[in-house]
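Next up: the structures, one after another.
Two complexes, one shared chain (subunit A), two partners (subunit B, subunit C).
== the complex of A and B ==
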């Protein structure tokens, strides 16, 4: 805000924040039932033009059913689907300005690459020169030139994926639906294809709706993510919103990994926000396991005695060896004085130190260590009770298999109150 | 020593079991299919005699050590000269072709419907298709007589409903033969079609629809070409045996329907003209080998297309 010329216009990057723009796809109160089973339950969603929107969830959460309703393969039991201002709820798939890339790719096995891609254009009555030009343009874009006469069974998985993409894009749909577009590719190809998809989307400006079960894929690809569970949206937001500010325990556990500590609110102190940050409160909670006192800042309204959950990501906890920790910093805590609430509940709170020093300090022992190359993950049993998962980047080379922190080491864990998230659901 | 021999036989079996497994049926076919065929071929070039057996020998050993071979092509010439045979062949092919088409028109939607169901329903429907095989074919054709005769069930119902005042002639007509053939051979159409359609990915139809194809266009451009191997297999399985069919035209068509199977039988049994009967059989076989070779070509082409070659 202070330097507007350095930032892109927030509305072109984030059209959903601009009240002047109306959404391109509107899903209004859509429910889909199959017999007794409710696959999608009264869902509302607005997707804006040019977005790369991800529907993320585990199997059976209703994400594919929602996508199939956008494509027209399923008709909603209740609710309406509006695309570019037109009610599409009852319109059959072959009359929708929408194309889909199928999870299995669904390439026609009896046609070569060219004819697969040309299929949609032929249905629109496009012939000869224009047909050739448009098919060849898209073949150039997905770099399939030498393969136009191959049949699908003569192509590799990655090539088939490109044909499927080209076939869906060649009709220049208003919306491209992608059902698990990268699921069938191996890891290396998947990463490469992710960026290609993003480039193509950027080039063509077509609105993409991607269904995926892979949270990493959703995080990399999407402008916004809707996390689905049991036929409803758990949270809709940008990847950073969802990762850094999960609204529920489900989200915190589903996206990335998180240490979830249930506890009770002991104290709630409001803090005045600055220009950049809204008002928050600093909340003291006591964990159910081990009566550990922890401090967390939140914009949620809670009162003393509320049952809450504190979520802290493994990478947001820093871990140091106990010996170096004691010598490095001023907060000298004896080994035999764990940070538990004193029985009288007086105002002095060990472990909570204001100022530049970390607000939450715990001591513990490394129970398990996994070396993953660029980082290591630890399971640390804290003296107070809860076991925490912590990851640390391996900034120094590990030589002679001597890890800086290893099994059974005594360690100090610290995290600041705004690194943790307070959850009420 | 005996022990060592047993060992070697075991080794031999182990190394060559694949050859053995394929060789045994081949030997069987050679003995019981090819050998009789050559016997028939031999008789077809013999002369008819009033003797036992009622035909002349191919090789005459009477002339010292050297046998003399007599090949008599009169029987084949006779088939060509007597218009009856040509007409009967053509009529057989016509009846077989129309029956095949009827089976396809009935069987294709049935197979498509069965594939679209799932679980128990699918297996129940398939069982119903196979169920007639559990009763003797002959018995089932006889049952049709009971339905089709002037005093049969169909005419009884029609009379009772007042739709006709005297029985309609259903038996001993081409109509009865069509009914019999379509009824008997329908499973042979449905089963290969089912096997082919079962492999069909339903997403392909959705993809066609998604790309702008209306249901009929999607069927014509995607489903139909992809089920073509099943259609061809089913058609040949119906057409080939229907052409030479004997029981159905004999029992349901009587003397009114010319079919080569009946003619062959009367040549053999009534006229005792084994050489002409054999010639009729050989010509029939040659007529049917053409579609069989066609079938084989389609089969081998489709199996060659199946393996998904991972060419980068």
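== the complex of A and C ==
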């Protein structure tokens, strides 16, 4: 954060922050109704050139309808779609500078790999030598060389996916739309293909818009994510924005897992921000379940008596055995202790503004434990009432099946006030 | 785990086959009967086949039937395909329900009524505009197209409904205009359905007696009409010979089709293994 000279121009990585650049794709007040059903409800969105943008949401949230409107298969009931400065709202799909990779791949079954890929170029009237060169170039890129004469049903799932990608890329569209591009692949192939997609996008600089229901996929692939629910955007932002600073309960629960504790604001004290941190408030809330007093810092404006939700990610709660916590003098007196030194020394995240944060401390009993190899997850019933999900990395080897923390152990849970997010919606 | 088939099941099966095939076998045997009387065995002979080949009447009826069937099948496939496309692909247009109902009405309409109403139509037309001048091959063909088209439309519609519509969208997306998509993608996709529809229409037309009887005129006798009139005059064994010939032709067709289907399935199986092994 303090080394801007090591970074490239921040705008090349994050064009959406640059006021001088106008968006490449503009979706303006777009609504789509099918009879009485509103699939997409008055959405606005700006996507910038070179982005790998993900539309994320559950089934029926309208993400596919929105993608189909970008492709031209559906016409918006209201609103405009502008691509590269041209109004595309009424333009039919065959005249748009946009290509799509279908979820089912939609390879033409009666054509071999070469002819599938060449189809789009032939429609543009590209012939003989140039056609061959361009098709072969793209075939090289997706490594399909030995298979050019095969029909789609003679290919494996991964190979079909690459043919579909090549076919959509060969016309060098301004925008590539991908509908659940990895859904039909098995897990190992999916991870490999994810990186291939990112490489290709990097090489060609084409703007990608990906529709997916898989939040992990969206987090890995995308520069920005728009999370959709019931025809509208719940939140638009970078993967880190959405994960670390969810705006609603829906987002907090949908992306990753989060402990959601509803409560009431008891006290709200403004804090003056530093040079690179905005003004915040320190809020004390009382949980509905168990009347536990918790402290959270937030940039939201709340007043005493407001009903709010506190969201805390399982990995942001640290868990220690009750016995070892007592023996550890640094943690013994958590409240108001000058623990700045210990925080900086113990390798916490750099740039972590902790100050003399009074940590939230809870005591509880391990109800369930799942050992996942590199980490373990716990369900811990706190003495105050709420059950919290907590994950902890397994930094030490587990020998003879003796876990450091196991079922029915008494534990101490701590999290700092800026690890939690205060939600008002 | 081997299960002994029960004797009951086997006898039911045998009975079923016997019921279906003994009449046909008897008819084939009797086509080689030397006797003039149909049910009396008079020794082996092929003389009815000779009679058959020399009969002007039977040849012309066969030729007429085939001409009508081929024309019917071709036009019914063309029109039925268009109707099927409209039914399966144009999702929302005014009067779609009425259109669907009217397409499938000939499927359930009693043949007698179809025949009678078409006859009335032709008579009215003749009085109003002087066409068709006389009823015959043209009117039979028009009548056959009318009802065979409905069957083709249903075949095409079901083929299209089952097909992945994203293929056509992909072609549009790649820059093909709608007519181009129809030629490049949709038609190859429904080609098997069109072949099936053509064969179905051909068979329906070749087989039809009732409608043809209503709308035909003097001098145009189709094969089913000829056979039926012969029955009324008293059967001669040359009809047996004719039926045997038809059965042989049909059986050959079925055997060839079966062989082609099995070969195609083996090829698909090989392709699937090729895909599974990867590179």
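As a working rule, the second predicted complex is superposed on the first by the 392 of 425 C-alpha atoms of A that agree within 3 Å, B and C clash if a C-alpha of one lies under 4 Å from a C-alpha of the other, contacts with A are read in each partner's own complex, and residues count from 1 in each chain.
As a convention for this text, a contact is a pair of C-beta atoms (placed from the backbone, for glycine too) under 8 Å apart; a residue touches a chain by one contact, two chains touch by 3 or more.
Computed from a predicted structure; not experimentally measured.
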Subunit B and subunit C placed together on subunit A: clash or fit? clash
Just checking: does A:94 make contact with subunit B only, subunit C only, both, or neither of them? Give me first, second, both or neither. both
Tell me which partner A:146 touches in the superposition: subunit B (first), subunit C (second), both or neither.
second
Classify the contacts of A:205 with the two partner chains as first (subunit B alone), second (subunit C alone), both, or neither. neither
Does subunit B (first) or subunit C (second) touch A:305, or do both, or does neither? neither
- Message: Applying the document's definition of touch, where does A:373 land relative to subunit B and subunit C: first, second, both, or neither?
- Response: neither
- Which superposed partner A:124 touches (first subunit B, second subunit C, both, neither): both
- prompt: Between subunit B (first) and subunit C (second), which, if any, makes contact with A:19: first, second, both or neither?
  reply: neither
Both partners, subunit B and subunit C, contact subunit A at residues 71-73, 92-95, 98-100, 102, 104, 106-110, 119-120, 123-124, 150-151, 153-156, 167-168, 171
Given the complex, residues on subunit A that touch subunit B span 71-73, 92-95, 98-100, 102, 104, 106-110, 119-120, 123-124, 150-151, 153-156, 167-168, 171
Per the touch rule, the subunit B residues reaching subunit A in their complex are 201, 203-204, 206-214, 217, 221-222, 225-226, 305-312
The answer for subunit A against subunit C in the complex is residues 71-73, 92-95, 98-100, 102-104, 106-110, 119-120, 123-124, 146-147, 150-151, 153-156, 159, 167-168, 171
So, in the complex, the side of subunit C touching subunit A is made of residues 164, 166-167, 169-177, 180, 184-185, 188-189, 268, 271-272, 274-276, 278-279
